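In what comes next, chain A is part of two complexes: it sits with chain B in the first one and with chain C in the second one.
Up next, the complex of A and B:
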């Protein structure tokens, strides 16, 4: 093989470092693979240097690079959100009385607190969009076929759980916008049959008070991120088992490209670029502060979060066309159908999929965007 | 079906009541003697208005009923379903149950002033004829007699003393516009019951009372609502609508500010009258004392005393009281003093002072709220802005002197504080340039890293191709 000369020498057993003789560093580094940061498996029996060199020298198909990068970026964002979230949690106090002053103190008094806060907020926006884009992409090229059911379902679930994380996070500053966004979101979720009662039961009521804030806080920093981590793991584990998808055109052979070492540099460059864009947004377009939440004063333009605007429009607009309960069932069915799509569309292959499904999905996307638009104006005209 | 049942039940109830009354008749008659009925006042009560009034048939246009008190009538049953004798209304409440229901909500019930105190008659009789005979039976009192009738108790100093109630209302009433009109024979002039209710007489501190502060405008408006309604002929114009549109009405009825005046605060309650043109500043000065003291030092004061039209209401309106905005100052003075005149020039100068200070404060407030959203520390600026606003508020009473030297210190103070706040917040906002420097530094290092990585990449490509 075309290995570099220094990699061909098998190191003598005593050449391992002091640390490596006590801890299997390769095993620890293989976590990179486990969570999709490295699209190659490490041989955990070999020392780290050797195993890495081997993995990085493996050739990588051009096609392989692109699809994994969205997942990689999403996971990097997840780590960034975790890091900034931990910093914010050092100062944040999750009670209705103290929440807003503590967030103001973070943004005003703590060194770089405002920056951390803004990066956390912008990263969450980007994170959701990446996951949504990923699901849309999977659908549009039919990456949910035989063998990839888990990958698809986990992808959809990851987006849903990410929206929950986002929703619970919006309440935490206890400012007017976050508070009323959460109220609107609860109105939509409560209207969904089956899902609504379960959520109400889990959260412990329909009102928003200090106790609910604490529950949202725990879910935001502990519950949902843990679920997301498991989903990420499952996702990449399934990808490693099933393998990357074949190119769309079956006749086109996957071109063997450069070594993973070079593709890896490309990935690092992309991650850096993303971080740069994120920081630029956080500094130049900071999300402004709102006044403290007042449960007795609804601000004039209280919106549901963007991912719930379309369901809100379905539930509220054109009254009398269908009973609310039926509309809620329809939305439930839509979510279930989307989740179990691989079992509905049984056409063979992973490439070009059933055209009827593709057309339906495209129509659904257009309708969804229009409904989101309508949901926004529904709130404005209120 | 239901009607049948209720009628059956009510008939049954009546029968029982009648039987009870029959068996306990003697006892009941004993108890009448201890009731306050004997000192029912009809013949002895002073009623000068009644005697001097023309004996016209009572064909007067009465105001519409107060919306506060609903009517309880039972068209189906001759004897209402809820008919029963009570301690205070005795047997009267059996037939007049709708009245009893109203009466029970009033204050007289709890003081055990019963029907016969005002109407006379025999409260323990069980036939209509007998009930409407009895001691000093009066039936429905004539309107002209009502003030004296109420006064027979309420003018009694000894009787009112335990309640800490005044006892001069009847005397005051006789001097009031209402009392004088009644004495002249105007039968639809307001009497006690028109404002206090007929049977449902609640104390003034009861929120449902017709004379509770927030209900007074509606109560007066029943007659003085105006606007050409033939049922409300008492006043030209539309004082009720004007009052509601004015700043006082808005404060009381919308803002629930109980310090805001209702009708009686300016016109008096029992001694109600229209304030004379020379007294307007005194009436307004009850609350706006500081403003009045400034007004007294102005040249307008002399004009008022000479009978000219330059009292408070000329600029601020009477019922539709308005606050004059800083920008509307010159326009308001314009109605008497043309811009070319020296007086018009003073008005222009005062308006400029007020408008400048107000604009400066608005500018500073906009900057402070921008800084608050970032967020920066703004508590200090907000406190100083409050000072500026106070200074501007102090300028408003001083404008009543129409003397620029009295207004100027206040507006100057407001303007200078606001300008200082604006300047400091501006400096603070501009001082955030370092964020962009930081961002630039970050991008510099990012591009540097990228360049190094690209170099590595190129070398790696070169090495792999050379090896291959």
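Up next, the complex of A and C:
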């Protein structure tokens, strides 16, 4: 006993790989679950292969593949936007003088530069639409009360933060359209009480100069994406606590299969399909570049981005009806009401009160679309 | 029984095929990323390759003149009446910028005391390689250096 080294007791036969004995691979892989990319939870005490096999052969209702779809595709797009954004940042120079030439150099001189840029641009469009569509879906089937308050609020906030990310990204090329879109957008945002001053504080002033471009750049590549990542994390954490909502017939008589078959393979196919669509759009319908921004010459059809057209119409249409400040307060109240909807509508999910909220929401959506059209028209007619 | 094994074989083959197809995305993305990151050629244009280095008459014989060209520092030395020479002012040891020592017509490195003669050869100190030379010529009274 005394002359033997202390730990020569024969260890139990270890089936784990060299790496697995040093790093908890299962814990690393469980990050996929944390961000919703894997439908089942992993047991981090077990080796990766065993935990994966166990998780993916768990029974799962066939219905469950669909509710996860929008959030998952949005998160995959977020990752893609991050990857292409990092690539673009290798060449982009965030100063008023150098920004436009550097973006032109990316699109013209760098191999695959135009493709990376176009994929980034199209992915941002798709990302916003997916997040908006998700909120509309949650609303239309009443998925916001009864334990889902956080999912709802995170969904709305994710859309709002994503629009800010989109907005800050539009200025970066410093081309005429991006520049004047930003001018219009800031006009709208500055008119909103509370939100306007906060945004002005964040970007460091009211004008648009090189220093403000740098702020836009930092917010675009660091600040807002970080907030989005936290929101995604919160969303999936809450989903794992609350579970996927099942309609009554699916909950009572679930058609059950293996999780791998239901969630895994379908997800891979859908992600590939989405990437294919994205690449197709990026190549066939490239978003054209405008000329370099000239702060002393406004192009004829500058307008705010699509998500700000309706607020723009609310602020500008029918002058003399309401003071601008009251209109701004109205928009702020609308956003707050939407964000805290689960605490306004405390109905159990059915009944007259719920139907009233649904009708009001649909009416609001129609009005919003009309106002968007009006906001577009306001600029074009000038 | 035989059918079952054939079925399994087919299934295994399809699995392999699918995995292979999915795996193709990785090298494609890798190659695209690598070629994206390779900086595009941005060599100087023809006009930028010619540096005007001042007049010949203002440079005494045996004297040197420091010329800045973009990020390239260059020394122009007048060796004889109608003979000029241009050498890089970057020490070949650790990229320090050289000083002209007027007293004995040498280039002195401020970092590690490397010494070069006026044509760029190493006289003493840690540097091993001579200074890079540029072609220089005299056009009427102007010294022109080509990079």
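The rule we apply is simple: the second predicted complex is superposed on the first by the 351 of 382 C-alpha atoms of A that agree within 3 Å, B and C clash if a C-alpha of one lies under 4 Å from a C-alpha of the other, contacts with A are read in each partner's own complex, and residues count from 1 in each chain.
Following the convention adopted for this analysis, a residue touches a chain if its C-beta (ideal position, glycine included) is under 8 Å from a C-beta of that chain, and two chains touch if they have at least 3 such contacts.
Being a predicted model, the structure only gives us computed values, none of them experimental.
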Touching partner for A:266 - first (chain B), second (chain C), both, neither: first
Which superposed partner A:326 touches (first chain B, second chain C, both, neither): neither
First (chain B), second (chain C), both or neither touched by A:202: neither
Touching partner for A:87 - first (chain B), second (chain C), both, neither: second
Partner chain in contact with A:104 - chain B first, chain C second, else both or neither: first
Chain B versus chain C as contact partner of A:116, first or second or both or neither: second
Which of chain B and chain C A:284 touches, first, second, both or neither: first
Shared chain A contacts, counted only where both chain B and chain C touch the same residue: 268, 272
Chain B contact footprint on chain A (complex, rising order): 2, 4, 104, 107-108, 114, 258-259, 261-262, 265-266, 268-269, 272-273, 275-276, 279-280, 283-284, 286, 288-290
Footprint of chain A on chain B - complex, ascending: 372-377, 435-436, 438-439, 442-443, 446, 449-450, 453-454, 456-457, 460-461, 463-464, 467-468
Parts of chain A lying in touch with chain C, wherever the complex brings them together: 87, 90, 105, 109-113, 115-116, 268, 272
Residues of chain C defined as touching chain A within the complex: 22, 25, 32-33, 35-42
